[in-house]
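Labels A, B, C and D are assigned to the chains in the order they are written; within every chain, residues are numbered from 1.
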Amino acid sequence: MTDTSLAKTPAPAPRAAPPLLAMLWRDKLAFASAVILLLIVVAALLGPALLGEMANDQNLRGRNFAPFSLARGWQFFLGGDSLGRPMLARLIVAAHSTILIAAGTVAAAALVGAAAGLVAGYMGKTTSQVIMRLADVIMSFPSLLLAVVVLYVLGPSIPNMILVLAITRIPIYLRTTRAEVLEVRERMFVQAAVVMGASHRRIIFRHILPVVAPTLLTIATLDFAFVMLAESSLSFLGIGVQPPDITWGLMVAQGRPYLTTAWWLAFWPGLLIVITALALNLLSGWMRIALDPNQRWRLEARSTAPVSAKPASPTHG
Amino acid sequence: MTKLIGQRAIASLLSLFGLMVLVFFLSRLTGDPAVLFLPIDATEQMKEEFRALHGLDLPIIEQFWRYLLDLLQLDFGDSLRKARPALEVVLEAYAWTLPLALITMAIVVVAAIVLGSLAAFKVGGFFDRLVSIVSLVGASAPDFWIAIVAIVVFSIGLGWVPTSGVGTPLHWVLPIAVLFIRPFGLVVQVVRGSMLGALSAPYVKTARAKGVKNLPLIFVHTLRNGMLPVITVIGDQAAAMLNGAVIVETIFGFPGVGKLMIDSILQRDFNVVLAAIMVTALAIFLMNILIDIAYSLLDPRIRH
Amino acid sequence: MAEALLTVKNLSVDFHTARGTVHAVKDVSWSVGRGETLAILGESGSGKSVSANAVMNLLDTPPARIVSGEILYDGKDLLQVSYEEHRALNGKKIAMIFQDPLGHLNPVYTVGWQIVEMMTAHGRPAAMARARALELIARVGIADPEAAMRKYPHQFSGGQRQRLMIAMALMLKPDILIADEPTTALDVTIQAEVLALLKELQAETGMGLVLITHDLGVVAEIADRVVVMNQGEIVETGSVRDVYHQPQHAYTKKLIGAAPGKGEIKLLEADAPLLLETKNLKKSYGGFTALKGASLTLLRGQSLAVVGESGSGKSTLARTLLRLEVADGGEALWKGRDLIRMGARELLGVRREIQMVFQDPTQSLNPRMSVYQLIAEGWDIHKLMPDRAQRRARVAELLDQVGLSPEHAERYPHQFSGGQRQRIAIARALALEPELIICDEAVSALDVSIQAQVIALLDSLRRRLGIAFLFIAHDLGVVRDFADTVIVMQAGEIVERGPTAQIFDNPQHPYTQRLLAANLDPDPDVQASRRASIAAQNA
Amino acid sequence: MIIKHVLAGALMATGLVAPAMAQSNTDITVVLSEELDLVEPCMATRSNIGRVIMENISETLTELDVRGDKGLMPRLADSWEDKGNGTWQFKLHPGVKFSDGSDFDAADVKHSFDRVFSDQITCESKRYFADTKLDFNIVDANTIDVTATPAQPILPLLMSLVTIVPSETPIEFVRDPIGTGPYKMTEWTAGQQIVLTRRDDYWGAAPAVTKATYLFRSEPAVRAAMVEAGEADIAPQITEVEATNPKTDFTYPNSETVYLRIDQTVEPMGDLRVRQALNAAIDREAFIGTVLAAGTELAVAMVPPTTLGWNSTLTPPAYDLEGAKALLAAAAADGVNVKAPVEVIARTENFPHVTEVGEALVDMLNEAGFNASLRMVEVAEHEQYYSKPYPEGRPAQLVVAQHDNSRGDPVFSMYFKYHSQGTQSGVNDPKVDALIEKASAATGEERAALWSELFAYVQKDIVADALLFHMVGHSRVSERLAFTPTIATNQQLQLSEIGFK
């Protein structure tokens, strides 16, 4: 940045970027988030296999066991639910469906929405108009009705739940992608690619998508929490995930009648949703910068402070 | 401007028609309202009479044509459950949802702008972090959970506000407060981001070079520019709220359109569902026009 | 030298960045007196704006930190006064204008409101402010001040906006005006007008003027004294004439030496084969005709410059030739085949043969691709050179050719300086071994010294590889150094064409003459004599 | 135009000033779980409507004391007698006036029934008459003969289900119900409240409550909280979790019976031993005081104990896990596919903690060796599985259902649930059919004996279903009221029964 040398090879560019992990370690909040998310993913993957039995072990006469006691084993440390099942084990097992639904929904919605948005942004006006009108229709189609239609016609199941939630989220990705594409396609490096003779496919996938992707990633992480909450709301209304499947959202909804008598039934799963959402948000903020070669340097020498969006370099002249 | 609104009106009308067709046919896939209206022991004859009375025995295409013809005369049909014109039922619910949505959004907008701007002005500071974390936690907690806890704490425990209902202004406090949390969390983040961008814009440097004080610098010079991306998000949030706040309305016994919608869907009161969706779509369309107008008021470059 | 109004003494400012502390300015001292014009000359990164920003309290602390020094005004050290006290001086006693008036004017408020605010912010009544604004708007040469007050910044041209900025800055009759690159974004003819206006106003008000610039021509035209900055330090200071004619410091010498427009004029080798011929190319956008029938020929190895100011249609010409825009009429024969109506398959082949270097390498290089990926992309597109090792070798070779080192291949564009980035863009263009490279203002964003290097690089490529260049530029000095043939465009039309020497030494068209006259010469004596002759003409 | 309407509504809504929260002496507030779609007298047998209208606004000719001791009591009819050939004569109470001032007479009775049977209006009470055709003969203003074809032995009981409206009432749903009851509706703000005000010209004794305001909150916690906070006086239907204060919270049987409907046509449910195993596998006692409220009783019949023909000799099937396993093993040995998948289908929100009940049931069945899974469905879908025609190609399905019969006679239950033609029946047994038909036509002691025999036969001999619980309801009543909710509170809430301390 202070390059004024007239030598043939001016101002050596900075040392190569340190590996991502080292960069993550430097941002403690992001690192903690990553660890939490990793734990949740591990729980989601291994939970049902390891603790499935335990999580379904009912004991009607020992229901609503109060938390913070090891008297009945570690699995009851967070208390027992209304059928006497250990909360901790259930929370771990529920991570599976929760993450599956949230990730499945976000992935499906982002994929379809981004694809449609790319087409709508890149293609001509007519295609774009048709896609946008369709998005409008989906947008104003009440998700509750959609949930009832799908549940009634296809039955309650996790894939169907994903279908319902994904359809309602598609327009978000579609509109964002389209707006970004409209802007990015006018950028100079896209024109440079056109001049070199790049095909539409190359321009979309090599030049436009990588620029749009971080924005989508940000929306997706925010959406992840939103989907968990939407799923929970549907459960509350009785048109969401149904037992024997369990998700955190369902656990919160089911714990609702006990809020005044056994707070832990709804509190722990609710807390997990909040923690997951927070961790995702923090990590996505970090990732947005880490994955951008333009901004990565901000993380390279940083110790603790979270990344501010303000450039910290002397301006021109 | 008029031309633009005209174009949008046509596009919206098309979307609205598509939506209507979709809802009409999809909702009829979800079972027989007769079964739900009548008691479980009702005879087949009673069910048939019910269907005949409401034209549900006709082929679905004919039902659709009839609906369409009625609609052209602005007749949205009668509610199956309430034996009243569906539109009347919906508008009645709107009379509750609209003020709830407007008041909540107004508070959201003011609070998000003030707090978001101040957070952006001292970026990375204590206040900034506090706003970020609080808004994030608030926005990711299940709302029915918050609602019930709020009732337990503020109505029963402290006795400050009534538990539910709509009688006095005090009744509105909890629903608005609960409804406020999520859009606020979102909007305040957008305001912060947008103001962050706007505060580093060159014209802010000019203003500082002019000797403009800090408060006008934020709220006069920067805010109007920073508001542009915020308006879109506010619009989206307001649209969601116009759809009714199902959870909040259900818990607080607030007779709004969200509660009406879920009840009508569960009871297969098709005409009310359709009327509610169309009135909502119309409201959202009008709101989008308001947003366009707000845009052009805020930004002269759009006006010219 | 007049008595100093404002004195910067031994100022040192550090910036804390991710890469450690950068000493933005080190021990900088300068002063400006009443009626005097001080130029701070430097290239990007030299720290030339830092001290001015410190004067205005515009440095963000952090990341900036004022290490030492004082800024004396009116007996007070501005670095010690309270925020509020400093704010009260800003605009009122010391005003500032900036490079990009569009960005620096608030887009959502009327110009009138913004100008009036300069006074109301300092407690003057609005009515008084309005009257003063009307007077000043008229003074800076804007017609119908009443109407102008009600308009928004985007409704003015670049030159008008800078005039309005000046009007705003002068509202409270400040003692000192700091102008940070005030004419850099403007066309040459407009630049001359704005500089003239500044001079007049200075004469009227007797204010001290601090002019921050990278342009020797601007210094020669307007300044009394100059400080030359390099890497945060003042390397030389003195009267403009002394510094130009007897530079002491090596850097100053190099800078003056690099100023374009003094080299030998190139001659066209007329026997080269015809590469491109356009006939009557037309292009309009809606009701606006950007290109009104351009015809030109280009030979192999020729370097053809297209000059003109903004809106002249020179970029449209390039974009039509590259098929980034579809021409409305006319033809462009590339080796006898019409580019305009060529099918996609045939076009793909031609795309290999014609490459482009854009004005701003920051934007024309995909920030998410490494240098290797950027350079190799053309081979992917045209399915050339499948062998990876061969590619690596060739990329290294190309990097070497443009003066970068092979190990730069794995880095990303943001890790390079502007000049280095433009070299990468050139390497990318060379990768496909083109026959024509179209350069759209390819060096205008670069510092003078870098500019000279890039021009030299392009010229050597032209000579060694026989590549033809279509060189679009507004800077006449650069054109004079690089082109063998020049086309002058104005408002979508080619108004004059000819060998470079003819255009520069004996311009025929009045517009060409005007353009050349407005072009500032780095030599203060040349500029002084020009001013004298213009004054004589006017008299 | 529409916008204007909405805006006007919005202004009205925001400007509304509510009635004072505190109740003045004899005014009360009742908070109900679901809003009334209709306030239509002929729909009064629907519990949410009945709780507001029944015997408050609209009255019936006869009235059943569901608490059991007084049997069928006179209301608008002073007396009735069986004239033979299916004809009953009713003597009406003289001098009764409707709330619109018109006189009540036999013509009103005839019109009320004409209205119920009309095909221009869908009245709930029609279903109780099924295929019975009624003819009315007005003898004089206060005497009416009713002839049922075929003869209907419980016609006077059926008269407790039809509310009487004035003969001017149009044959369409009305929004301003006119009745002879002690209260008239003075306000109905849809979605918000209904207000009943005491009539001064009521023909009977004047009740203590002068005004009743009905509010609607779907969240049980909120309903309970409202009484606690003094915003309401009575909250019927709170959950057992909320019913914690012995001073205000009452628990009482609510006439609902929960059972597992077995569809015997699908393997393995056709086998008696499998059905016995099913019954033995369920630890009914374990539910009570845990998932279900203390006070819940184990069911031995489809109807509550206050019903005619109640068979007190029946005992609930004992929990016997080993026995269940043995029965299944025996069935399996005979080639019954006891491992065939069994779906337990329950309806969300059917009764409090239905999901937990379902989960626990499935757990118990699987413990005994069934291959059961839970499927929670929404009301419309539940109806598909519960009522005929059953879906084709279904696996064995156990439908968790709740049935309410507070009408005093099993006829309202047994045909539908057990007759081979019954809409929710999973049984096809000639003896059951014969018993039901005989009992329906019988009167007096014989009728009771036949029902009693039927109860024993379906529960013990053919094990037609898995009867689970007679449920209890919980209500919270403000301490200032003298009112004890009973089994009747589920269907109606007579304001005249409420006093003040």
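Here is the rule we use: a residue touches a chain if its C-beta (ideal position, glycine included) is under 8 Å from a C-beta of that chain, and two chains touch if they have at least 3 such contacts.
Quantities reported herein were computed from a predicted structural model and do not represent experimental measurements.
S.K.: In contact with chain B and with chain C at once: which chains are those? Just list them.
M.R.: A
S.K.: Any chance you could check whether B-D or A-B wins on number of contacting C-beta pairs?
M.R.: By number of C-beta pairs in contact, B-D is the larger.
S.K.: Taking each chain's centre as the mean position of its Cα atoms, how many Å separate chain B from chain D?
M.R.: Going by mean C-alpha positions, chain B sits 37 Å from chain D.
S.K.: Report, in whole Å, the distance between the mean C-alpha point of chain A and the mean C-alpha point of chain B.
M.R.: So the centroids are 24 Å from each other.
S.K.: Could you state the distance in Å from the CA-based centre of chain A to that of chain C?
M.R.: Result: the chain centres lie 44 Å from each other.
S.K.: Between chain C and chain D, what is the separation of their C-alpha centroids in Å?
M.R.: Taking the mean C-alpha position of each chain, the two centres sit 86 Å apart.
S.K.: Chain D: which residues touch two or more other chains?
M.R.: Correct list: 221, 378, 380-381.
S.K.: Mind pulling the residue numbers of chain B that touch at least two other chains?
M.R.: Within chain B, the residues that touch at least two other chains are 30-31, 148, 152, 250, 266.
S.K.: Going by the contact rule already set, what residues in chain C reach two or more other chains?
M.R.: Chain C, residues with two or more chain partners: not present.
S.K.: Let me make sure I understand the interfaces: which chain pairs count as touching?
M.R.: A-B, A-C, A-D, B-C, B-D
S.K.: Considering the complex alone, what residue numbers of chain A touch chain D?
M.R.: Against chain D, chain A makes touches at 56, 58, 60-61, 63, 82-83, 148, 151-152, 155-156, 238-239, 242-244, 254, 256-261.
S.K.: What residues on chain C touch chain A, complex-wise?
M.R.: 15-20, 22, 24, 42-50, 60, 62-64, 180-181, 212, 214, 230-232, 254, 322, 324, 347-348, 351-352, 354-356, 358, 360, 363-369, 377-378, 380-382, 403-405, 408, 410-417, 419-420, 425, 428, 432, 447, 449, 453
S.K.: Give every residue of chain A touching chain B within the complex, in rising order.
M.R.: For chain A paired with chain B, touching residues are 129, 133-134, 136-137, 140-142, 144-146, 148-149, 152-153, 225, 229, 232-233, 236-237, 239, 249, 252-253, 256, 259-260, 266, 270, 273-274, 277-278, 281, 305-306, 308-311.
S.K.: Can you name the residues of chain B that touch chain D in the complex?
M.R.: 30-32, 35-43, 46, 49-50, 52-53, 79, 81-84, 87, 89, 91-96, 98-99, 102-103, 148, 151-152, 155-156, 159, 162-168, 171, 250-253, 255, 259-260, 263, 266, 268, 279, 282-283, 286
S.K.: Please output the residues of chain D touching chain A within their complex, sorted ascending.
M.R.: Per the stated touch rule, the residues are 220-221, 239, 241-242, 244, 283, 286-287, 290-291, 348-349, 352-353, 355-356, 358-360, 362-363, 373-378, 380-381.
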